[in-house]
């Protein structure tokens, strides 16, 4: 892991002023640095190998999945429960607000020395914690809002029929809120995938490494290749989640939500507003 | 003038053509002799008051600022605007301390009153109202209708009002315009005339089966010709009293002290030699005031044992009213604007 | 903050802070500058798009989809692609930063204007306000809370993204962070990170206060 920090020639980026660096880069533009993009992608070495795309993809997916799972486990049940009990609304709003404001890169950076001192190395804690901090607020908020805005008539009817509070939550509120909850999970997950590449600049690897190395080596092909990989993964994630979201709707709600109920709309509004 | 009719008759469309929120495609609308299309639309509207059902108060401005909207647009100076606002607040019946509040702090009825004040701010000769009282509860609505009538009596504006409520139309209109689906004009008449002589089958079915009963709300007891009835002063000799009873074919004799009505005496009890004052009197169960509507009077009479109601104006006897008299009243034109229910 | 005495590499060496103050100040300035530029440009573009959306209803969906698409592009990828073509220029940083604000701003502006009740619009027309008067004295003030909210979120998000822009050389305080990471020298890292967090929170508070100040009618919530 320490290698990653060492490979970048110190001062290439930071020391040089922007115009000087541009000149340097332009001076090399006429002669392609290494190989073309197509060549890079079709070279099997690119894919396999210890620094290969497959390995990096694996790294990325591992972290991303871990973050998403953890965040879901932390935020969804808590939010659902609190929303059901109509508690902690103001506190929730503030927590979400603060969480949203904090720059992920900064927090991750701050945690690096802490992690090193504690003997954990550059990875995975700083980036894991920072990404979780990024993901939890929107998931929490969308779940809270979704449960809170479930049709009160349905809830009251359930209560009147003798459902316990737990049953109400699990069999009425959650299924009806599921669409919005999933939307929240989707949005947050795509955000994680989109933000994960900063890990490469924090002493880690993952798919972001190509952009990092490309910039460091003044290799636009590498940078572009890396960027494309990252973007494609984000796109695939988004599409996958949309599919899961669609499948997860209970049939009755599927029809309802297909026509966009008032509540789904306003819940979405609140999501975007955050 | 009240525009009324079933859904799709174009009553709201017609109203909005007056201030050109909808442009007329044919025909002419004139205000005080001038074609409304001669002026630029915005200038026209500043000279016409406009009140809608949901009021549409600007939520981001105080009540005072809301009312002052048109005067400000017209460039009035601040002191004049302020004076006008205070004047209007009193006219429409809002507390002065509401002026500094915001619309969402007021109740529905209060908001509607502010809406009217806002419409009247620049003192336009014409006021347009589109179902202004539809969004409030019936009690408040009745009160607002009464206040509108009082307002009209004070400021004498031409008011064009759209409603779907026939009772409202009958209560407040000078003239009713009844439209049918597609904009066809079915009848243009005063409320009483509309009820008394429906122009065609459509109008007849629109006003409903109880139009006579409705007409009774249009006139008051005081509108009827004075009828003294079988009532004599308390010191009348019994013989004369009996003559009155026979003449009017009444079983009951009413007695007054010259001013106030004292009570009813059973006709059979009236004998020579017995002073009327010594006979047992029944206090009148059925009493009305001159301002009571004929409908009230009928209600009162139905509920009492007699078939006559005594008209009592603050203790002063003003005659009697009978069912016969009420029914006879229906034969005449009852177009007088009713006074607000006491 | 741990000031490890005797350790060669504390989290924060105050002497560095003082000596390098000029550089730090410059970083702060660049950070704020980038943020404000991105939000300003983003706002202009978003206002134009919102206007289009209000005028031609059917454009709202494509606009929203496009903005959402822009937002979903991973920041590192976006910076990366642009640096391949534009090199290490201000534009390389500014374009993605601006693009990321658009979704937030357009959505909030549109929400703001659609929050104006139809009855208010009708009353305004009926009273003889010209379309321009109606727009500026009625619709805009009512939309303001949403716009401010949008600006708030956009600004705070951009502060965070500017730190990432350090990878293409224009990152304000992010450069300190990156520098610290590369040299495993913690002081600039701590300074850069904490200051950017503080900056974000400061902007958040500022816009919150601005919003509260501009909307006195939303503060009064008492029924008569």
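Just so it is clear, A, B and C label the chains in written order, and each chain counts residues from 1 on its own.
Everything that follows uses one rule, which is that a contact is a pair of C-beta atoms (placed from the backbone, for glycine too) under 8 Å apart; a residue touches a chain by one contact, two chains touch by 3 or more.
What you are looking at is a predicted structure, and each value in this text was computed from that prediction instead of being measured.
Farthest chain from chain B, judged by C-alpha centroids: A. Chain centroids computed from C-alpha atoms place C closest to the centre of all protein C-alpha atoms shown. The distance from the centre of chain B to the centre of chain C, with each centre set as the mean of the Cα atoms, comes to 60 Å. With each centre defined as the average position of its C-alpha atoms, the distance from chain A to chain B rounds to 68 Å. Computed from the mean C-alpha positions, the centre of chain A lies at a distance of 19 Å from the centre of chain C. Shown for chain B are the residues that touch two or more other chains, of which there are none. Within the complex formed with chain C, the chain A residues making contact are 5, 8, 10, 13-14, 18, 21-22, 25-26, 97-98, 100-107, 109-110, 112-113, 190, 193-198, 200-203, 208, 211-212, 214-215, 220-221, 223-224, 226-228, 230-231, 234-235, 238, 269, 272-274. Residue ranges on chain B touching chain C, taken from their complex, read 19, 21, 41-48, 50, 52-61, 69-70, 73, 98, 101-107, 110, 115, 118-119, 128. Per the touch definition, chain C reaches chain A in the complex via residues 9, 11, 72-81, 83-85, 87-90, 103-104, 107-108, 111, 146, 149-150, 153, 156-157, 159-161, 163-164, 167-170, 173-175, 177-184, 186, 189-190, 192-194, 196-197, 200-201, 203-204.
On the chain C side of its complex with chain B, the touching residues are 117, 119-130, 133, 138, 141-142, 215-217, 220-224.
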